[in-house]
Amino acid sequence: MSNTSAAGTRLGYLGPAGTFAEQALRSLDIARGAELVPHASVPTAIAAVRDGSVAAALIPIESSVEGSVPSTLDALASGEPLHIIDEVALSIRFVLAARPGVSLAEITLVAAHPHAEAQTREWIAEHLNGVSVIPALSNADAAKSLADGQGAHDAAVTNTLAASYYGLNVLADDIGDEEEATTRFVLVARPSTLPEPTGADRTSLMLFMRADHPGALLEILTEFAVRGVNLTRIESRPTRRALGDYFFSIDCEGHVDDARVAETLKGLHRICARVVFLGSYPRHDGREAHIRPGTTDADFDAAATWFAAIKGIAGTQS
Amino acid sequence: MSNTSAAGTRLGYLGPAGTFAEQALRSLDIARGAELVPHASVPTAIAAVRDGSVAAALIPIESSVEGSVPSTLDALASGEPLHIIDEVALSIRFVLAARPGVSLAEITLVAAHPHAEAQTREWIAEHLNGVSVIPALSNADAAKSLADGQGAHDAAVTNTLAASYYGLNVLADDIGDEEEATTRFVLVARPSTLPEPTGADRTSLMLFMRADHPGALLEILTEFAVRGVNLTRIESRPTRRALGDYFFSIDCEGHVDDARVAETLKGLHRICARVVFLGSYPRHDGREAHIRPGTTDADFDAAATWFAAIKGIAGTQS
Amino acid sequence: MSNTSAAGTRLGYLGPAGTFAEQALRSLDIARGAELVPHASVPTAIAAVRDGSVAAALIPIESSVEGSVPSTLDALASGEPLHIIDEVALSIRFVLAARPGVSLAEITLVAAHPHAEAQTREWIAEHLNGVSVIPALSNADAAKSLADGQGAHDAAVTNTLAASYYGLNVLADDIGDEEEATTRFVLVARPSTLPEPTGADRTSLMLFMRADHPGALLEILTEFAVRGVNLTRIESRPTRRALGDYFFSIDCEGHVDDARVAETLKGLHRICARVVFLGSYPRHDGREAHIRPGTTDADFDAAATWFAAIKGIAGTQS
Amino acid sequence: MSNTSAAGTRLGYLGPAGTFAEQALRSLDIARGAELVPHASVPTAIAAVRDGSVAAALIPIESSVEGSVPSTLDALASGEPLHIIDEVALSIRFVLAARPGVSLAEITLVAAHPHAEAQTREWIAEHLNGVSVIPALSNADAAKSLADGQGAHDAAVTNTLAASYYGLNVLADDIGDEEEATTRFVLVARPSTLPEPTGADRTSLMLFMRADHPGALLEILTEFAVRGVNLTRIESRPTRRALGDYFFSIDCEGHVDDARVAETLKGLHRICARVVFLGSYPRHDGREAHIRPGTTDADFDAAATWFAAIKGIAGTQS
């Protein structure tokens, strides 16, 4: 599944053409030579992976500004299990685009996805004083509808890929108000060989509680802490049964091939109603796991050897 | 702030007219005799509370199906502190509405907010086989645009209030796929007298970590656990500084007038970079706090009396 | 090692002849047909086990009145490892004994081991008002020296076995002030086949910290707690390096053949400088281990099967 | 109670004259000008404090070699509460003493307290090869009985004070096998003004559990840990009710005038059946408490101020 795809491999992404997801997918080696297929929503992209019509799909999972992407978490939490096999973090750079020949001074109405509007509000207030903003369904859609002549807007908050894709001019680049808006995308596929451990890996899980008892989350976190496994993300999501009934979407450092992660997962399996394993894969930032003394594979091996000796010595005599 | 409002009191809600938020607000005593003001978004509703143009505003905070409402959490986490002074949980009942004279068989295109679409997908597939669904900006907007003749749709997934408000016919009631979709709304106001403790209260907080060290969440949960304070909701939200940098939005049982909650909050203040107190208020469901032995106010009083005696006895002699 | 001993088997105990330890040893099946050998002290009894001059030795480990027996803990903590293979709890019944022909009214001076004196002080004050008590080296020695005519005492606080052994008359039986003084004795042997698990077992350990850091004990207890293993005794003992430098002598429920105990021991091995395993053996009281949901062997097996599937499914495809 | 005692002040210690306890007591300023009164045992020394016949008494509480002194812990745990107001740590230096004119080569039988015998065994084996050792009741008693001509021994393992006191010659100095055997003594008095906090204090407690439930000790340790209070000693002692029923004797860093210690003690009072406060007093070694960020008095004050503001702001409006 790594490196360049064989000709004819189909890879999905959250569309339409020109989204940040497409931009992120194109940054992966696997995308070279592959056919890239846009999907209208995260659930449809995931459904295409499950039914085999694409080999894998790249979908956003969290943003440094917007937080987790609920539709991604919910789609991964139910249905046939999928594995995350890679991740990309993309710096989100918004541009203001218009049809060729239109200047900044002529703009009267801007289309923007609500998230994009929220992240460019200050820039727009300063540079397009008095101009109204109408909602678009996605960053790419703001560009597409402008190119198609649908709607009354004469400018779009979008990204460079979509602007180029739909033949628009970039009037202003990097118009986001936040310094470093970043979105993390994950590449999901049907379970197959897990990526090799690299020392800088992430493992993703969904944990469903046995019953909603106070202290359940504390128990879960203790299973990680006692084996020195650090969390990198925790998110609660409703189980859809009742208000106040949650499951937890958790990312932690390490790979299931690491002994401390393996024992943690088995510990979680014992206390949770259900554990959904969503894969172990290399981190986009290459940051190595912090390993507390006593939790290396060598420490686990030494403990196993010692324990065998306790029981083995016993066995050799009578 | 309780009971019927004085004439002329203005109360905001997440609009437009006819939303579930309006329906929820009308269920509160405070709404009687008040002027109800719709706002286009959660941030604008909250801004109106902060600038005093409304006395309070009702906004959604979490849904049993969709989870937390990020815009509400983020708007409460920054800016001038506000307090939640009441909450309402509303059973979300979707209806299919059309203009008068249009029958179910004539429908060709349905407008629905994406969340509503997700929650009525099975019903639509069964009863409107082959009919397309286009996205609307809100449940009320789907109704409003249908009444106004904007857009190509001839039916709307909405609620009874909006259908009635915009003069539409309800063709089918209670079309949600989930049994019990519920949304919890909170009434936010500028800090004033806290609601009296009732024994069935909730306290809401935003907690910012001092530094992103592994185990920070475990420390936080331990501050609650050691004083027997149960969490009812925990949600991580990005601080917008970088991927992986979060704050926590937490609801717990009890009132700041309860000694165990008071000591917990002070403990959190000592280990967090910042604690935003968002109020103590009666739970919508009247469920009394579970109080672990040793954590009643009487237990705290007895401990304080004992401790004073230790130091007092010492003081009486020399 | 169980059941009746072969002829010629030598078993040690804390002497001299007539001690409670001898009384306890005689209650075990293993003592039938064996030669019972008194030792002057716990260290010499243990040395005799280590050098093979006795097959096993019975020594006191804790008393419900006096607490742990330091010399036993210290002798087990250092030197060649030994295993506890059985335990006995003996109700400690003190008697007042005198030479034949001496009546209670004639007594003027009583010999008693300081522990025995402490436990019979009220009885003596009431029944032998004004009579002095001098210290003896052991309960049996009080009787022996009286029989031998050594010392000025004319009565001894001792036990029935010693009284009978040294030809004394029991003037008063069961003279202890506490209702239920009990001493637990352990039978130690060189490592060999571990006793089979019975469902009502105890496992004994000595734990040496890696460094004296605050929280080390909390970490140790968490290793037990996270796997649902209950402690039945914890005692700190000095390492003899410096004041404030301790090791912990710990008994817990369960057997190393229980998965939850096995994982706990391996976890302890990873965080401790040294773990001394002192055996798994049936409890004298037959009280079954309390097993928390999620910690049965079946739960561990199910977790292992699930975990293998996660990695195995991955392995079957490519 | 500090500095030189008024003339006529009586101070008790664990006797007889010449013990390490007397040597330790003489190292305190309070002993100057006071009448020093030996007591035959720890319980009688403590009884003398309780009945006012001495103003305070110095008794051993733990040894770096022997561990805690059970009779001290038990005597402090029951009866009228006493406070520890000072502590001394004494390097235990054993000497071999004989009557004037007796040389090392002439010695045939040595008297030694069993603890002393254990700590000088190697020296005796090397320098007095083949010489027997008989037990004495205390280090001072070994010297006294030699001087009095009681018993068959012609040498005593004792200390320099006792040797000098009873007119003996020191034949060999510093004959202990361990490098640094140290005993800690505490000065106990009836509750009065607590010693002032110095920044390098210790607080002593006895904790009785509400019921013997698994995890009780973990709960206790968590009360300390959550407020950053480090333990310096923990010892379990039997309650004398039944085997396996313990109380805990605990020393921690800090003074009850420290906010973190105060809150910890109140927390313990809420979860324990009984908390016996045994005083806050300066450490003999002057080692300052390690204070975790967030647990200084200033942090507690800041939290209290913040909390008052939350409730106060609310109170200023309506």
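Things to note:
Order of writing sets the chain letters: A, B, C and D. Residues in each chain are counted from 1.
Here, a residue touches a chain if its C-beta (ideal position, glycine included) is under 8 Å from a C-beta of that chain, and two chains touch if they have at least 3 such contacts.
Keep in mind that what you see is a predicted model, and the values were worked out from it rather than measured.
Subunit B has its Cα centroid 26 Å from the Cα centroid of subunit A. Here the CA centre of subunit B is 59 Å from the CA centre of subunit C. Our note on geometry: subunit A versus subunit C, Cα centroid distance of 57 Å, whole angstroms. Each of residues 222 in subunit B touches at least two other chains.
Chain contacts in this assembly form a single closed ring in which each chain touches exactly two others.
Interchain contacts (touch definition given at top) occur between A-B, A-C, B-D, C-D.
On subunit B, the positions that touch subunit A within their shared complex are 62-68, 70, 89, 135, 137, 178, 180-182, 184, 214-215, 217-218, 221-222, 225, 230-238, 240-246, 290.
Every residue of subunit B that touches subunit D in the complex is listed here, in rising order: 83, 190-194, 210, 222-223, 226-227, 256, 262-263, 265-267, 269-271, 275, 277, 293-295, 299-300, 302-304, 306-307, 310-311, 313-315, 317-318.
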